[in-house]
Amino acid sequence: MKVALFGAGRIGKVHAASIRMDRRCELVAVTDVMSDAANALAAEYCIAARQADDILADTSIDAILVASSTNTHADLIERGIAAGKAVFCEKPIDLDLERALRVKKAVAAAGRPVMMGFNRRFDPNFSALREAFVAGEIGKGELLAVTSYDPAPPPVSYIKVSGGLFRDMMIHDFDMCAWLFGMPETVTATGSCLVDKEIGAAGDIDTAVVVLGYADGRIATILNSRRAVYGYDQRVEMLGSDGMLEAQNVAENTVAKSTTAGVVSAKPVYFFLERYMRAYAIEWSRFVDSVVDGAPLAATVDDGVNALALAEAANISFAESRRVAITAAMTGH
Amino acid sequence: MKVALFGAGRIGKVHAASIRMDRRCELVAVTDVMSDAANALAAEYCIAARQADDILADTSIDAILVASSTNTHADLIERGIAAGKAVFCEKPIDLDLERALRVKKAVAAAGRPVMMGFNRRFDPNFSALREAFVAGEIGKGELLAVTSYDPAPPPVSYIKVSGGLFRDMMIHDFDMCAWLFGMPETVTATGSCLVDKEIGAAGDIDTAVVVLGYADGRIATILNSRRAVYGYDQRVEMLGSDGMLEAQNVAENTVAKSTTAGVVSAKPVYFFLERYMRAYAIEWSRFVDSVVDGAPLAATVDDGVNALALAEAANISFAESRRVAITAAMTGH
Amino acid sequence: MKVALFGAGRIGKVHAASIRMDRRCELVAVTDVMSDAANALAAEYCIAARQADDILADTSIDAILVASSTNTHADLIERGIAAGKAVFCEKPIDLDLERALRVKKAVAAAGRPVMMGFNRRFDPNFSALREAFVAGEIGKGELLAVTSYDPAPPPVSYIKVSGGLFRDMMIHDFDMCAWLFGMPETVTATGSCLVDKEIGAAGDIDTAVVVLGYADGRIATILNSRRAVYGYDQRVEMLGSDGMLEAQNVAENTVAKSTTAGVVSAKPVYFFLERYMRAYAIEWSRFVDSVVDGAPLAATVDDGVNALALAEAANISFAESRRVAITAAMTGH
Amino acid sequence: MKVALFGAGRIGKVHAASIRMDRRCELVAVTDVMSDAANALAAEYCIAARQADDILADTSIDAILVASSTNTHADLIERGIAAGKAVFCEKPIDLDLERALRVKKAVAAAGRPVMMGFNRRFDPNFSALREAFVAGEIGKGELLAVTSYDPAPPPVSYIKVSGGLFRDMMIHDFDMCAWLFGMPETVTATGSCLVDKEIGAAGDIDTAVVVLGYADGRIATILNSRRAVYGYDQRVEMLGSDGMLEAQNVAENTVAKSTTAGVVSAKPVYFFLERYMRAYAIEWSRFVDSVVDGAPLAATVDDGVNALALAEAANISFAESRRVAITAAMTGH
C-alpha cells in the first residue's frame, strides 16, 4: 500500500514513523506548504517532496494521510476520495459543523475508507477498559467520568485559531464518551478562564465541565483544564451495575522513593506524543487493516461529525447557560 | 463533661463508643423512643435510660448528642440550647430548609456550642487533603470532583422518608464542596433512576451528577450512586494551579495477589461505619474541644443550612432542568 | 473473665485498652515495679494497683497479662500457671533458649492456656495473606520474603539488654516465617553495623539478612534494619506455584499529591503502636476466645520457643559465618 | 556507522530493529548458521546475508552485533576486535570464567569499544532508580533486594546447555547488584528444584536465593525463580540511610476493575521482550554513542567478567553449602 503524507510538522513526523513501522505500507511522498519541512522529512525517508495536486493525481498512490492544518482537512478528504484514495485524517474534520456534515455526505457517497485519527481509541489502556466493558465485566454502564487535562496551555496565538476549547481540546473527550456510551441526548456546559487571562481575552475558556445526559438515564461528565503542572492527565472511569473500571495515567517510570517527605512516584508522561506514541502506531495499523483487509473502520467520519456536534452543543450551552439537546440535524441523521 | 445520648440505634451506638473513648467525657444517660434499644445501650454502659424531657431538665448534664431520627433534630437542637446545653447533632438539621433557617437563628441567639455531625470533615484522608490545600501545596483551587457511591441502596421504605437523594445522600458531598471550596453561586443537577426501579416509583432518583459553579470561575462536580457493588466509594480530587490532590479509598487490607488472572487488591471498606469509624471518634473529640476548651466549632449549624440550601437548589434544578442560583434567602444571610 | 495486668509501661497501656474493649473481660488489677506507673494506670481504670504476689494469690483472678520486662516473663508464666491462671505473655519467653525450653515443659505439664503476644499474626493484612495462602490461592509456597525495618534505632542502653537484633527484633520475623512456612531446617545469617556505630561498639548489629532453608526446598529471607527514615516498613511477600501474595505497608492516609515534583503519597505509619493497634485488640480477643470458649491458642509457647531457636541459630550462624542446622534439641522436640 | 549482525534469531531481530531506529547506523549484513533465518531477516531489511568470515574481513563494516549462540561470543569478540571492529555482544561472554578472562585481556589490549548487552541497565525504571541513588536521594546504600522471576521455565533441552541458573538467569541480577553496589566480597547461595523436576534431573535448580556481602557491611539479596505465573517479575529495592527506592514492575496496562471480587489490575508484562523492548533500543543507542562520540561504555567486558565470577562463586557456594569469597583471580584483577 503506497502512502502519501500531507503535513510534515510534529504530528506528521509521528505518522511517518508509524507508516514505516507497518510492513504493509510504503511511504512514497510527502507534501507541506512549508517546503523546508517537507524536504527535511523527504530526505530522512529517501522519498520525494511533492505538490499536493501532483500526489492526488498520482494513481499509484493508494492512500493519503492528512496531518496538515485543520482548515485543509475537509477539502483533502473530499479530494482524496474523489481521486479514489483511502484517507486517514487527523481530527477534526472541520471547525464548522455544516462543513463537516457535507464531508460526511461526500464520504458516504464515495464508499472509500476514510478514518479519523481519534488517537485515544487506540491507547492500550482505554482499549482495555472498553474491552472489559463491552465484555460485560461491570454489567450495564451508568456513570462515565472523563478527566482530561493538558500539561500547559498553548500560546494564545494558537487559541485564537483553535475553534475554542470545546472543539479543539474536549473534542477528544466527546469522542471518548461517544465511543464508550454512544451519543447523548443533552449537553450542559460550564466553563471559566482560570489558567491564563489572555485566553479569556481571546474569547476562550481554559477550564470546563460538561455533563452529557443519555436517553436511558446514563450520565457522563468531562473535566477539562488547559493546565496540570504534573503532566498530561488522561483518565477515564466508568461505574456499572456490577463494578467500576478506571484507566489510570501512564507514569514516566515505576520508581517509588520513600523518605521522610513521603513516598514519591513518577509523574504522568508529559503530553500526547509521549502518552499516545503507541496509540499512533496502532491507529495507523488499524487503518491499514481496513484498507488492505476490509476490516471495519475503527473511527469514522460519522464519529468525527458526532464529536463536532457535541462540541457545537457545548458552545451553545456555555453561551446561553442552558441544557442543549442534540438534534438529528446536528449529526446529519 | 456529662453527656446524654438521644438515639440508641446504629449510629447512636457508634457515638456512645466515641464518648467513652474521650477521657474528658462521661456518658450519663440515654434515651430512645424504642425503649428496648435505650435499655440495652444503658445496660452496656451501666447508665440510666431516661426520658427526653427528664434529660433536658437535668442541669447536671452539660451536653446532648442527638442521633435520633431526622424529624427530631430541629426540636432537640432548640430545646437543648434553651436548656443551656451544648449540642452535637447528626446531619441534617431538618429536611425542610425553612425549618433549618429558624434553627440557625435560634442557635445564633443562644450562643451555645452546636456542632453538626458532618463526619467526612474528620476523616483523616479528607483532612489531610484539606490541610495540604489550605497550606497552599497545590496553589489556587480550580476544579473539585467528589465521587460518592454507596455500596447498596437502602430499602424503599427508607427512601420514602429520606427527603430524596440530594438531601439524604448528597448532603454530605455538598458539605464537602462547601468545606473545601466555600459556597457556590449556582447548582445544576442531573439525575436518573438506574439502580432500582422502585426508587423511581417512590419519586426519587438513585444516580445523580451535580455541577457547582463558583463566582470566581471554580467548578465542582459531585457524582452519586446508590450502588457500587465493590463497596463504599468515597473519593475527592482537586486540581489547583500548582498541582492536584486526591483522597483515595480506604481498602480492607493491603494484600495484593498476582495470578494469571491479574493483580487483585482488596476492595474499599464496606460502608460508612467502617470507613468513618475513626472520623466519628475524631469529630466527637473536636466537639469536646469546643465545649471544654472553646475551640472553634468544626462544623456549624450554618454549615448545615448551607448544605441543605445546596440540596434544595439541586432539587429545583433537577425538577426544572435548569441552572439554579443560590440566593441569600436560601442560606439566611 | 477477671484480668490482672503485669506492667504499666507503653505496651501495658495498649493492652489495658484492649482488655477494656473486649466486653467479656474486666481489668481488675495492675502491678508494676514502677509504682507511679502502676498507680497512674490504676487511677485511669478505677482499679487497684497491687503487688504481684498478691495478684497471683488472688483466686478470683482468671488471667494475667504479662507486659513487664523480658527478664520477668519466664517466671511469671510459670507462677501464673502454677496459680491456675490463664496467661497472655508478651514475646519473648526469655532471652535464654534453655530457660524458654523449661517454661515450655512447665506449660505442657500444667495444661493452662498460655498465649504468646506475637502481634503480627493478628495484623489484618498478614492475616489476609495467610488466609489466601492457606486457602490455596497461590498453590504451593516456594519463596517467602519478609522485610522488616524499624523507623529508628533504640537507645544503645536498650540495645545492651535487648539480647541482640536476632532475639529482640528479628524474633517477630522468625515467627512470621514459622507461622507461614513452618520450621526451617537451616539458618544462614549475615549482619552488619551500618546505622549506628555505638550499636556495633555494644557488640550488636543493626542490619541483617537471614536465609531459612526448608527440608522440601522452600526458601525464606528476612531483611532487617534498625532504621527506615520513612517509617515502619513491614511487608511480607510469598511466591507460590500459582501466584504471588504481598502484604504491603499501611500508609498514614490515602492522599496523593501530584505536582512538578512527582506524585507524593503518605508514608507508612510510624511504628508498631500505630501499625499494630488493631492487631493488639485482635490478639487479646483471640486469647479470650481460647480461655472462655476453648478456641485453639493462636500463638503458643511452642511458637515462642521456635522463634527463639531460630534467633539462637542465627546468632551462631552470624558468629561462625556458616549455615546452622536447627536440631530437635533446640526446639525441645 | 555500518553494522553487521551475527545471529538472526529472536533476539537478533530485536537488535536489527534497534539498529534501524538509530539514524546514525546502517545495517549492512547479517549472518547466521541457520541460513533460512539469515535470509529471511536479510530480505526484510533489503540487505545481504553473508558468511561470518566475509563480514569480519570487510573493512567497510565498522561494528558487529553478536547475538548468536553463547558458545560463539568469546571467539567473535576476539575476532571482531582483531579485525578492528567495535563489538556489541549479548551476555554472557562465555559460560567458562577462564575463557572470559582471556577475552578480557584481549579486549584490554585491543583498545576497541566492546560493550556487553546487559539490557537491564538500560531499562528506564532501573535507570531512574540508579540515578536517584547516585544523586544521593536516599543517602548511603545499605540493603539491596533484587527480585527476578521468569514467567515460565525454558525447555529442559535449553536448561542442559544453559550453564545453569546462576550463569544463565541470575547473571543479570549479579550485574544489577554490581552496577548498583559494586563488587561484593562474599557470595552465599541457596537453591532448590521446586518448579520442574526435570530441571532437577538435568542437574540444575529453578529456585534460588543468593546473599552478597560487601566489604563495608552492605548486603544484597537476589531471589530467582524460573516461574511466576503472573508474568515477568523484575523488581529492585534499595534501602539507604535517608530512604528507600523501589523499581516496581511494568504492568500491561493501567486499568483497574473493582467488583465484588476485589480490585483487579493488569499483570506485569509477560517476558523480557515486552519488558525490555525500550531497553534494547536504548542500549544500542548508548553503544553507538560510545563508538561514534567516544562516550564511556555503559557495560564493559569487565562487567561481563564480574557477573560471571559471581555466578561461578554462587555455583561453588551452592555445591559446597558455604560462603565463598570473591578473589582477585576470579575477576582478573
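In this document, chain identifiers A, B, C and D correspond to the written order of the chains, with residue numbering beginning at 1 in each.
Simple rule for what comes next: a contact is a pair of C-beta atoms (placed from the backbone, for glycine too) under 8 Å apart; a residue touches a chain by one contact, two chains touch by 3 or more.
For clarity, every value in this text was computed on a predicted model and none was experimentally measured.
By residue number, the contact pairs of A-B overlap by more than half with those of exactly one pair in C-D, B-D or A-D, and this pair is C-D. With every chain reduced to the mean of its CA atoms, the largest distance from subunit D is reached by B. If you average the Cα atoms of subunit B and of subunit C, the two centres end up 40 Å apart. Chain centres here are Cα averages; for subunit A and subunit C they lie 57 Å apart. Within subunit B, the positions touching two or more other chains are listed as 228-230, 233, 242-244, 258-260, 266. Subunit D meets subunit C in the complex at residues 140, 142-143, 145, 147, 149, 188, 190, 192-195, 207-209, 211, 213, 217-219, 221, 223, 225, 227-230, 233, 237, 239, 241-244, 321-323. Those residues of subunit B that touch subunit D in the complex are listed here as 228-231, 233, 251, 258-268. Taken together, the subunit A residues at the contact with subunit D in this complex read 23, 44, 124-125, 128-129, 132, 137-138, 242-250, 252-260, 266.
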